[in-house]
Amino acid sequence: MSIAIMCSGGDCSGMNPAIKTFVEYAFNHNIQPYFIYDGLEGLIDGEIKEATHNDVAGINHIGGTIIRTSRSKRFYEKEFREQAYKNLEKKGIKKIIVLGGDGSFTALDIFSREFDISFVGIPSTIDNDIAGTDYCLGVDTSLNVIRHALDEIRDTSSSFKRAFVVETMGRNCGYLALISALTSGAEVCIIPELVYDLDSIKQRLEKEIKEGRSYILAIVAEGCNNTQDIADFFEDELKIESRIQVLGHIQRGGNPSVHDRLMAYEFVTYAFKELLKDELLNHVIAYKDAKFTFIDVHTLNQHKHEIKPELLDLASILSK
Amino acid sequence: MSIAIMCSGGDCSGMNPAIKTFVEYAFNHNIQPYFIYDGLEGLIDGEIKEATHNDVAGINHIGGTIIRTSRSKRFYEKEFREQAYKNLEKKGIKKIIVLGGDGSFTALDIFSREFDISFVGIPSTIDNDIAGTDYCLGVDTSLNVIRHALDEIRDTSSSFKRAFVVETMGRNCGYLALISALTSGAEVCIIPELVYDLDSIKQRLEKEIKEGRSYILAIVAEGCNNTQDIADFFEDELKIESRIQVLGHIQRGGNPSVHDRLMAYEFVTYAFKELLKDELLNHVIAYKDAKFTFIDVHTLNQHKHEIKPELLDLASILSK
Amino acid sequence: MSIAIMCSGGDCSGMNPAIKTFVEYAFNHNIQPYFIYDGLEGLIDGEIKEATHNDVAGINHIGGTIIRTSRSKRFYEKEFREQAYKNLEKKGIKKIIVLGGDGSFTALDIFSREFDISFVGIPSTIDNDIAGTDYCLGVDTSLNVIRHALDEIRDTSSSFKRAFVVETMGRNCGYLALISALTSGAEVCIIPELVYDLDSIKQRLEKEIKEGRSYILAIVAEGCNNTQDIADFFEDELKIESRIQVLGHIQRGGNPSVHDRLMAYEFVTYAFKELLKDELLNHVIAYKDAKFTFIDVHTLNQHKHEIKPELLDLASILSK
Amino acid sequence: MSIAIMCSGGDCSGMNPAIKTFVEYAFNHNIQPYFIYDGLEGLIDGEIKEATHNDVAGINHIGGTIIRTSRSKRFYEKEFREQAYKNLEKKGIKKIIVLGGDGSFTALDIFSREFDISFVGIPSTIDNDIAGTDYCLGVDTSLNVIRHALDEIRDTSSSFKRAFVVETMGRNCGYLALISALTSGAEVCIIPELVYDLDSIKQRLEKEIKEGRSYILAIVAEGCNNTQDIADFFEDELKIESRIQVLGHIQRGGNPSVHDRLMAYEFVTYAFKELLKDELLNHVIAYKDAKFTFIDVHTLNQHKHEIKPELLDLASILSK
């Protein structure tokens, strides 16, 4: 039997440990593992190769993905999906593990309904915004990279009388910003999930400045689209010099944390076991209440990921 | 109302974020927070001080504990417990949050039964060996410190034809060794929970050496007391030069990981809420299946912490 | 005798170890050390305090400066310099060590010529752009922070077919960009000191892309003001998706490297010894050819810092 | 023309950037680069291969050496040197760059006098103990690894009333211990180059403990062979609980620092240029007073590396 692994959409740390586990698990079960390079684009173009032990030696501590990833428009067109299927057929591959997000899972779901292909999706995105799972691969590493940057920014910001407005990734989801604000002792947190109140923030901080506070750290989620406004607010309303730091792509990774390596290990092992069974599968693994389970793509698309209310409660103090 | 926090037994990363959360939560609820310095020894000697906002500014990223900790023999004697109680009485403190392990919780349990004292224990030990809870504060940071050291050791070990035998902390529990072995791609893992088979390890590695393997990484838990034996085994049986690295105290810490900061936040918030209720309390928080709950010290002492069977299964491959 | 230390202009890592050495050296020589807080602004406003051993305990590993820094317009006016002098006179301070850059040294030079004040300047700026010295405090830490970020960016950039344009700090000086490009294996380096040739870069990279190169890392110094143009060039001319990462304030710091801690030690010890002599002093220390020496501010202002020609030669390959 | 690179003796960080520079420089000058794997042992056994661009892609941030190293007894026998020469002759290699220490350079010197072989040695050892050069490749990375470990140990040691005795590498040379003690704020430093006085240390620390000091950090060089004695001294004489931490092999490395990457770059470029000249060469590069120069192996062996007297002066305070 043959089985393939691929990445799709944005990369994250933990993909390489997942790829390594995949290859080792396959060989331990006498299955030939395949790599689909360059995501859905590579699937269409037939960039499919037999994986070897050598390919995955020493990749555990490397961020990103050695088999690369892509975003694909072509895959939305049937003719390219047909082409993709033929590529898989040639290699005798009927089962795929996909590391990606909602969009990628939906694409694979369509594909698996059209053709005789089983797949299991492993939620892999630093945004942690996939419905039905408490955890997405890559989040822990990303949070620790942000923490490291915030520790450095705090040192420099406390050297001046200054406000620092730090923008984290997160298009529609403030998870990274929220956890980072809570765990780094930020004074302000602005995320899409929470209404913020600048008047009240102003009052709170004016009081603290009067009592001796000399610098302010504000964490703003990219998706709020108001990083500049918040910086202007500090300058105009609080009369404190302010600087913006967009963290950008460093958030995607680096050396995967132990948690992401272990989750990679467990996600892949769980996915593999299910794929080995005979039935057709087009499911996504969810990690829910410390247990692994499956959700179908349809259900996943009908729901929105929601941050735990307790965490929102804690963070709401920093939004007003 | 007054409430105090203390550390007891070995230190770990995450204690400082817990202490910071404790102080901030107290002030937000108009409660005077107290620090008991130097653990049970300081409790006996009356090293109890009012905590201030200033004490906890900028401590989130510092390992260990700013209020220090200790191991105490005196506390086993009633007269010293009486003395400890009087110290608390003088400050009007009836409720304590204790960051520590089994031994400390048992001591506090006795104390709270003798005197009018409530306490909540927060499991804090890098060994992750407390029954009833899936997680103990400090474990994630410790694992990441080990990972970092192993990444460096792997670079140097792969520069020679060599076996590296790395000893991790863990007196009766191989959790650190097991997770480190799984996530760092070690070839051998020796822990108290698993029977190991040197003959079978020899056969496996001889085959791999023949196929080109040039170095070996073995992780051994301190509690097995056979680090030197394993090193000798590599020299004598596999004829490969071997080196021992005892990781030692660096495992206790450094800058707390995001996970430990967040767990500190949640443990303390949960403990505090319970202590605010009127009833007498002498419980330990457990984090079980992604939920917080309480266990009493008696139950905790009757059970042994057990590593998840799936993880033992995975690691058993590395013990033979 | 009394002697003071202050920071001025941008902060950098290494300032805290310098401050610690200053305090310890003073006490070892029975001299009362003073801190001038908040740079020249604090000097004008009289924020001058006796330093204690306690102030500098455990600050070696903290980036930035615990006595803060500032940029001051007021100090250009005589009346505020008079006010500053009176503040020093009140404390009996006639000698100052200043951690800063050209502008700060010029301001202190004017000040010391008007009033009975000696000062020694310690070149402290991550730009490494002060004439006459091979090294400015903070550069090594900054370079290692950039390296760390580039290692992470490279992982994520090699996961896609992409060009990454990374902007480093450096207004008129490309030192950070140049060294980072050389030591991180970047493909392109654009700095003010070197003429660049996009046609030639295009030819070179087109050839490499044809041979299999899948991603490009370009380092651009802030002072070139063309980060966006370079990104556009990759998209338009090389038809490769491109992303910009402005590294920003994380470059200022974090935990000082051993080199910066040691240079801080040596700079301050050298400065202190000179200040202890009787003569009036208004000089800046230079580290030249592995030796410490002095230059006067006038000479310093008449020259421009120049990057070693060998290094420019090496980097010129990446500019065409 | 063909030219080879090899490592010999202990590995260190910076070897990989040196190897990468070597390969790129060779190809840029239309010279075929070769790798000699496994040091002198590999030279004897003919493990010599053509190097490719691909071999050195992405190795800059990896510690140790991808071409491995060894210690060789066989090379002291003429017959094996003859065998080694024949291996080189077969590939047309007459010029070698060697990354290693004294012993390796002496071996190569004998070899080059017997056979028609030129070599340049690049001092590469974390001990920084090679006469005539201010710097050996790998030292800066090693010092920063130690710093990182000491920062973690300090956190945990300050959580208890304790003395920590940390042993650094360094057989006959205390450079690592000395610089680490100075830059980490250790209270005690014991190195072979300095006479220490326990009575005086006792007096000094007793006074500080009386004034509030709660923990002690002592750095001891391996070569003093008295780590246990120092720990006993703290327990017996100062009545303070004490712990030993042998840093061990983590000191060899990890991700090379910018300084080591740049020194690797400059060492190799300088070595290569000299080897391209026609004359026979059997020299070692020295970095002296910020300039590169050559020393012959004979001179090198007649002298002992000496730590700068100013640094010894500074450290002597910590030895009494």
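Assorted remarks:
Per-chain numbering from 1; labels A, B, C and D assigned in written order.
Convention: a residue touches a chain if its C-beta (ideal position, glycine included) is under 8 Å from a C-beta of that chain, and two chains touch if they have at least 3 such contacts.
Just so it is clear, the model here is predicted, and its values are computed rather than measured.
Shared contact partners of chain B and chain D are absent; no chain touches both.
In terms of the distance between Cα centroids, chain A is separated most widely from D. Chain centres here are Cα means. That of chain A falls 40 Å from that of chain D. Computed from the mean C-alpha positions, the centre of chain C lies at a distance of 29 Å from the centre of chain D.
For chain C, residues touching at least two other chains, in rising order: 151, 158. Contacting chain pairs (ordered by label): A-B, A-C, B-D, C-D.
Chain B makes touch with chain A in their complex at residues 17, 20, 58, 60-61, 134, 140, 143-144, 146-147, 151, 154, 158, 179-180, 182-185, 255, 257-259, 261-262, 265-266, 269, 289-291, 310, 314. Across the complex, chain D meets chain B through its residues 7, 11, 13, 15, 38, 62-65, 68-70, 145, 149, 151-153, 155-161, 164, 214, 243-246, 248-250, 252-254.
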